[in-house]
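One structure below.
Labels run A, B, C and D following the written order; every chain starts at residue 1.
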Amino acid sequence: MSNTETDSPEVGRPDAQQCMHVLLFAGLAERLGCARLTLNPPWPVTVAELQERLVSEWPELAPVTFRTAVNQRYALDSEPVQPEDEIALIPPVSGG
Amino acid sequence: MSNTETDSPEVGRPDAQQCMHVLLFAGLAERLGCARLTLNPPWPVTVAELQERLVSEWPELAPVTFRTAVNQRYALDSEPVQPEDEIALIPPVSGG
Amino acid sequence: MIHVTEDSIDLDAVLRAVEGDGEGAVVLFVGRVRNHSREREVTQLDYEAYRGMAESALAELAETALRDHGAQRVAVVHRVGRLKVGEAAVAVAVSSAHRPEAFETCRWLIDTLKEVVPIWKKERYSDGEEWVAEHP
Amino acid sequence: MIHVTEDSIDLDAVLRAVEGDGEGAVVLFVGRVRNHSREREVTQLDYEAYRGMAESALAELAETALRDHGAQRVAVVHRVGRLKVGEAAVAVAVSSAHRPEAFETCRWLIDTLKEVVPIWKKERYSDGEEWVAEHP
């Protein structure tokens, strides 16, 4: 981490708040009526914590099966998420 | 068998002699230098008897692997051959 | 050739993409829109993709196919948008020196694509529509 | 479409021959002339067929594929005569409602074709030629 406090005062502060966007697709986007959720988690946050927070803020997600992608790759529950990451919820795929 | 002796005097006579042609292909035709053999078996004759006769008249066939087709189908050794049948020797195939 | 595209799939181009003088075997799989599904009449199909992730997932599958499955060349094209009955939704072509590798790799690619690549289809019927969830 | 032909194989026509609105899966196998075989450089290939028997054998395989293997439509074209490196010698296309049947039937057809259909190939090298005996 070469950032210093003067470059960007928020980086590295454990209580820094930064808005993040979560992409939705297909049936999931239809169910929630939008293709992008915005939320404001306390950083740092893991994939599992993010999922919990999403479900508590959007209860419509609770009965839904989805995997989480971080920067366009399926992520493990334990993986940490950074504010600049691209997050997407991937409902069961049906391509082909 | 609706043929009668008067239609074709040779049909049904066990000692009737009738010339037959045997088709050859690919490496087999090259080895023998011709695409068709002619032989004069004593009728009736089975596929196995025909094969023996062919090998004894054309010893070049002896070391060669081939199957016999009767009327464009692979034939069993015990199958009887009629003078009007189309006989072919099928060396190992390599299509595709 | 690894694409997610709105255009109709040019199967000839997909086949040409895996041509090479050392490859004796080519296997092409084409997935087409059927006129029925789970006993309902399908009139058309909408495909949606998370395009960036879908293309990188396909590229990763293709790399694995080349590295671990004995394929020489691989092409995968998936169409998105609205498709009519009979149109090709996906084409997967694989070439290899001998045929077992081409068959097995092509089969592995389409099977894995259907499990992991973020593309979704919605079937439209004369009396409704439904997102298909094949691999939860 | 079951042919033994001197003409170059039109793969598009082979694919079209198995198209149907109820068939979601198409698998095409193409066998092409490779530039090497058993460590020798191949310059061209001559295919010879016992044509009548070859076509009826192919028709019989196609019937079996439709009756016993779950295929909906089948097309097989085998070329004969002199072929150059890269040209298609054989194309087998199968369509079915779902992909396992299409893959398995296509594989079965080309495997069985290579065992039983009376077609032979002679490889020509820069320094000679040889009839190939793959299935004694």
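Convention: a contact is a pair of C-beta atoms (placed from the backbone, for glycine too) under 8 Å apart; a residue touches a chain by one contact, two chains touch by 3 or more.
What you are looking at is a predicted structure, and each value in this text was computed from that prediction instead of being measured.
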Note = Every chain in contact with both chain B and chain D is listed here as none
Note = Without chain D present, chains still joined through touching come out as A, C | B
Query = If you average the Cα atoms per chain, which one ends up farthest from chain C?
reply = B
Note = Between the Cα centroids of chain A and chain C the separation in whole angstrom comes to 29
Ask   = Taking each chain's centre as the mean of its CA atoms, how far is chain A from chain D in angstrom?
value = 51
Task = Determine the centre-to-centre distance between chain A and chain B, using the mean Cα coordinates as centres, and give it in whole Å.
result = 78
Request  = Between chain C and chain D, tell me the centre distance in angstrom, where each centre is the average of that chain's C-alpha atoms.
outcome  = 23
Key: Multi-partner residues of chain D (at least 2 other chains)   = 31, 110
Query = Among the chains present, which pairs are found to touch?
reply = A-C, B-D, C-D
Request  = Would you tell me which residues of chain C are touching chain D in their complex?
outcome  = 11-12, 15, 19, 21-36, 85-86, 97, 99, 102-103, 106-107, 110
Request  = Would you mind writing out the residues of chain A in touch with chain C in their complex?
outcome  = 23, 25-27, 30, 65, 69, 72-74, 88, 90-96
Message = Looking at the complex, which residues from chain C come into contact with chain A?
response = 31, 47-50, 52-54, 56-57, 78, 89-90, 110, 113-122, 131-136
